[in-house]
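Please go over the structures that come below.
Shared between the two complexes below is chain A, which pairs with chain B and chain C, respectively.
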Partner chain A sequence: MPIRDLIARLLPALVVIAVLALLVAIVDLSGTRLVQNSLVEMLIMTTLVIGLYVFVGNTGITSFGHAAFICIGAYCTAWMTLPLPLKKLNMPGLPSLLHNHNLPVPVSVLVSGGLTASIAIIIGIPLLRLAGITASIATLAVYMVTAISYSNWDAVTLGTSSIVGLPGYKDAWMILAWVALAAIAARLFETSNIGLRARAARDDEVAARSVGIDILAGRLASYALSAFVLGCGGALYAHFLGTISVDAFSLSMTFVTLAMLVVGGSRSLMGAVAGTVLISLVVELLRQLERGVDVSFTVLSLPPGSQELGIALIMLCMLLVRPRGILPDRIANQTFAEPSRPVVGGSANDIAKEKTT
Partner chain B sequence: MYIAQTLIDAISLGSLYALVALGIGLIFGIMRLVNFAHGDLITIGAYALIVPSASATAVLWIGGWPWPLMVFTIVAIVMAAALLIERLAFRPLRKADPTTMLIASFAVSFFIQNAILFEYGSRPKALNIGASLSQTITFGGMRVLLLDVLMVAVTAFLLCAIGGFLRWSKYGIWVRAASENFNMTRLLGVRANTVIGIAFAISGVLAATISFFVVIKSGLLSYRMGVPLVLMGFVATVIGGMGSLLGAVIGGYLVGAVSVFMQALLPDSLRGARDAFVFLVVIMILLLRPGGLLQVSTLRERV
Partner chain C sequence: MKAFGVFGAIMMSTTSMIAAQEPIIIGFATAQSGWLSYESSSVEAAKIAIEEINSAGGLLGRQIKIVEADTKTDRTEGARAGQEMVDQGAKLVVVSCDYDMGSPAAFAAESAGVIAISLCANDPKMGVQGVGSHAFSWSFAAQSGGYVLADFGYEEGWRKAYSLLDTTIEFDKSTCAGFNARWKELVGEEGFLGEDTWRNDDPSISAQITRLLALPQQPDVIMLCTYLPGGASAIKQLRDAGIKTPLITSQALDGDFWLGSVPNLSGFYYNAYMSIFGDEPSPESQALLDKYMKRTGQRPVTSNFVTGYGLIKGYALAVERAGTDETDAVLAEFNKFTDEKIVGVPITFTPEMHIQLKWPALMMAVENGKHKAIRYQTSGATPSMSLLFPQ
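On to the complex of A and B.
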């Protein structure tokens, strides 16, 4: 029953897509422009968090460097879609092919993902031999190198100034399609042979090695797919904003995306998306409050900065109360899909840990 | 002469990074916690010098007190902040895995930064204290900043004091035992809270010292001033070998030296990207010696 099998594998992705589609439909029918914009931003963040999840969830290595991939994707799409006269004037360092030709936005987004993934493979081969915190620091170092290079590579990135005039691409349904692709790719990967091997290595590296699992291959594949999704997400983000600068991809972005992943639960796709939706809602709420709420005769408003304080507090509380994420373990581990084959998500090791604590 | 000058710069910058790295390494050794919020302790120390307000000009508050009282108060404030962070955020997570704690410290850092932004505003503020330290003295034919000399001296003193404390005092021996094997140390009757408290208190003293030097040297306050420092300190700890205190100090001096020599050796066009080259060197060192220069045997997983 290949079809039933496929549906069972994709079930969490389908749930995610259905819920998000419902949200988009509701906003489409009733929302104002402002709400629509926030929704599109949330969808793009979802893409980014799914990209982050593909690496963190499958390898157990916390990445502090994924903002680098988002940055690379965003700049790449700028090189391929910025109006030609602007490009010739501002980016003399680009090859002449790019000076004379542009790509349609969706193609450009894919190419950006491809470039990002290729870079990830090149740096991943030496870097992913490292484990644990050393690997996290290495990803941070990669981020620093990327951010500093991009803010000094004036001939193609305009240095620290912003690139403006990117063509817009922010129809909610179109972006939802990208989220759907990312979710499906993430699920297909984590239920594939190589994905399962990567997860085995995540749970117990020594045991995985002893049964002949190639740890580097699993990590590298996760890294590449993660970078691909992040690169596409970064490109979408660039077209959403219409203007990009290296500052937009700072450690704050790393923090917010990481917060979304951790609050939701970094071990399942549904958790990652749930965290993104929750934090986006909170951010939106705080943003409205910062702008001020009309309470009959007076306007209440929070001072600027409350947004970030709110996110940090929520994240800390979540770590203290539910370190494994907001979703119940049963759902996060997807054990309801096929009880007889608990290969997906949860592992014997997790269960053993729960019993001992 | 030029080489000697560069050497002095390297030692002075290295001292700064060594102090940061030691503060991070001390806590990592015991709790396996990479304390990202350490840099924000430095920021707290710096901002405590001025009156809390969002206005663009900074008005001295504690910074205007006579210097022994000022030093004492700032050290006390930062130490209290370090202990408070431990109590509120890290103690409940003590049993969590290192990654969860790392993310929690990231959240604490983000929280402190935005709390400062909230209270003091986002604009960097100019602040002028310790002007008498900015004069140069001639020393064997070389002109050196008095501040640099003081920095190297204070660092040397702190390193010796902390080294002696860890080596000979009862509490220091507890701390070293705990970073060797925390559970065994507790079984032998050492209180976990005491040891961790001591480590956080020392890291607070180190952070406060750095606040002074950074403020006097740059004359600027900004709510994210701790971030580049903690990144470098972080990197220094990892290069030196996570969990090894001597390694952290060596790593700090190494990162300082690499930064200064890159500054001296890189051609003008690449100098703006100096830190990118420093981080490239970091990646190289990590690849060659993933466990750091001084590997700690208790950190490797045994089967």
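On to the complex of A and C.
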């Protein structure tokens, strides 16, 4: 049955959306503004980590360059939504069409994703012919080139200076809708033909080639979708902060998002989201501790920088103890034990059982 | 009915008493760590002002309560810190002494309709045109700093100037743009011998020195628009090359902590907020320095700290005049400020300009490695809008 098939395919995405919706509802009813803000930031990070997961999870290539796509998305939305007088003052190099017109934020977010994906396709064609660590290093080079170009492209990016004044767009439910779209897109992709082929190439490149799988096509498609989601996420992040600068999309952002993915488990969507939620909570906790907590007569506080150190320690422990992520293998693997197309006469669960036995 | 009225009156008076006791919250979204953490001296001075106000009975009879968040000299953290201050009920958010680092927090306040004042950003974009109508800077525009330096050079009798611009940060570009424009106004185009550029992290400026020495006529004064550490290195290279020409520069090279790298420096001039070396001409500023040293037990590293004190005193004045801490009323009072003397500095704001264009700077000289206050200097003119906001 096509609907049952679709639900089976989307199950992990639906679980993720339901859990996050529950969180949003709880915070919406009882949280302070501060908690609401942290939640929105966590949701945006979830979008970014899903974007990263689409590439890393499906191709097995660790990306160190995704901050470049976040940066491209964020600047793109600034070009299309910054109030017109500010845009004329800050970005004299933009075409006159953009000097005189703005797009609504949601449209601009989609366009930002589109631009990012197009750039990813162009650079992906030569880059993704590489494999393994070489490809990872190449993604880092993409980041460097982007960061340096944007830092010096004064006429449209204000160089290393901050662009402030982006319209706010930070309603938790709206952002949740974006997360939902990203999760569904990620899930549809990885259970599609091309997604499965990318995964086959990830698991065994030689075997995949031997059965005639076009490795580049699978990788390129993951890269483009990943860039699209990251571009949209970068745009959302820009509207959340209201201000952007090239150094906001630095290696430390690369590090935090990668940590979220690694801690959660880079091979399943639920793992990626679980890691994001966990690390966001830890970061928030450490941030509060760094600021100091009143304990009866004294204020306890951690030294500045504990936040970064804490995440590094968690990531190290995870890599040593549970390199496949925090989620139990049963749950993480289940997301792939279900076939995209149920075999006649067999339910998804039957096949899962068959495979494990 | 009558009893009800009395009851109502009692209720009303108690609620107004509670309101009167509620503190006015001032938030500090400033850098407590990272390279900008030197601004903590300015925050310290602001706290001195707050303590003075509180011990004198408070502002409108209400105590001022301080809330703080560290921006870690990071723009993203800055935006968060600004939002956090707003969420904690701040009526005024004090933000970092730098447009790039301070504007994210200021914008968070602006979006929430809360007044934000930068400790000492010199970019006029920290105001209506860049951040919004609720943003101010308690300092002068970098371009007008350049104006003051040009007027000083002219009054010293120099007639031929050459500019050496470090293009790494906007502040220096704006300072040199102001100096060059004002110098040409004062002595004409022929008195301006040209401009050369380098970057703060360039290990050597020997090419620039060669070009300077090859000029058909040598300048009477060299305007250096730079900051540390590259600025100190450039000064050393100029002096080592035998160039004894007077050098003038901005407050970015205030303080004596870097003089060890250029021993026995002479013929060096810059503008400061005040002298921290014991020879401050203004008794009011000297008294503030004494208070600061008594409180912290040490001399501030630069004279920047004075802006934090002035900022709080200025805010208190606006709130007292408005009779309330409601944003719109306070903002209206700020926009009416005309030459209000606050710690000896005439402060003027208009609905269009939220940074000073006529700040009197104390000109400092360094002779044989020793600092000396010369005089308070102002410029006879103010920079035009097209100079302040180049497109």
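The criterion applied here is as follows: the second predicted complex is superposed on the first by the 334 of 357 C-alpha atoms of A that agree within 3 Å, B and C clash if a C-alpha of one lies under 4 Å from a C-alpha of the other, contacts with A are read in each partner's own complex, and residues count from 1 in each chain.
The rule we apply is simple: a residue touches a chain if its C-beta (ideal position, glycine included) is under 8 Å from a C-beta of that chain, and two chains touch if they have at least 3 such contacts.
Being a predicted model, the structure only gives us computed values, none of them experimental.
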{"item": "Partner chain(s) touched by A:L281 [first = chain B, second = chain C, both, neither]", "value": "neither"}
{"item": "First, second, both or neither for A:V206, with chain B first and chain C second", "value": "first"}
{"item": "Chain B versus chain C as contact partner of A:A312, first or second or both or neither", "value": "first"}
{"item": "First, second, both or neither for A:V142, with chain B first and chain C second", "value": "first"}
{"item": "First, second, both or neither for A:K88, with chain B first and chain C second", "value": "second"}
{"item": "First (chain B), second (chain C), both or neither touched by A:G168", "value": "second"}
{"item": "Contact breadth on chain A, by residue count: chain C or chain B", "value": "B"}
{"item": "Common interface positions of chain A, toward chain B and toward chain C", "value": "304-305"}
{"item": "In the complex with chain A, residue positions of chain C that touch it", "value": "32-33, 69-70, 72, 74-76, 78-80, 83-84, 87, 99-101, 103-104, 106-108, 111, 125, 129-132, 170, 389, 391"}
{"item": "Chain A - residues contacting chain B, complex", "value": "60, 62, 126-127, 129-134, 136-138, 140-142, 144-145, 148-149, 152, 205-206, 251-252, 255, 258-259, 262, 303-306, 308-309, 311-313, 315-316, 319-320, 323, 357"}
{"item": "Sites on chain A touched by chain C in the complex", "value": "32-34, 37, 85-86, 88-89, 92, 160-162, 164-165, 168, 241-243, 245, 247-248, 290-291, 304-305"}
{"item": "Contact footprint of chain A on chain B as seen in their complex", "value": "34, 89, 92-93, 95-96, 98-100, 102-104, 106-108, 110-111, 113-115, 117-118, 227, 231, 234-235, 238, 242, 270, 272-273, 275-276, 279-280, 282-283, 286-287, 290-291, 301, 303"}
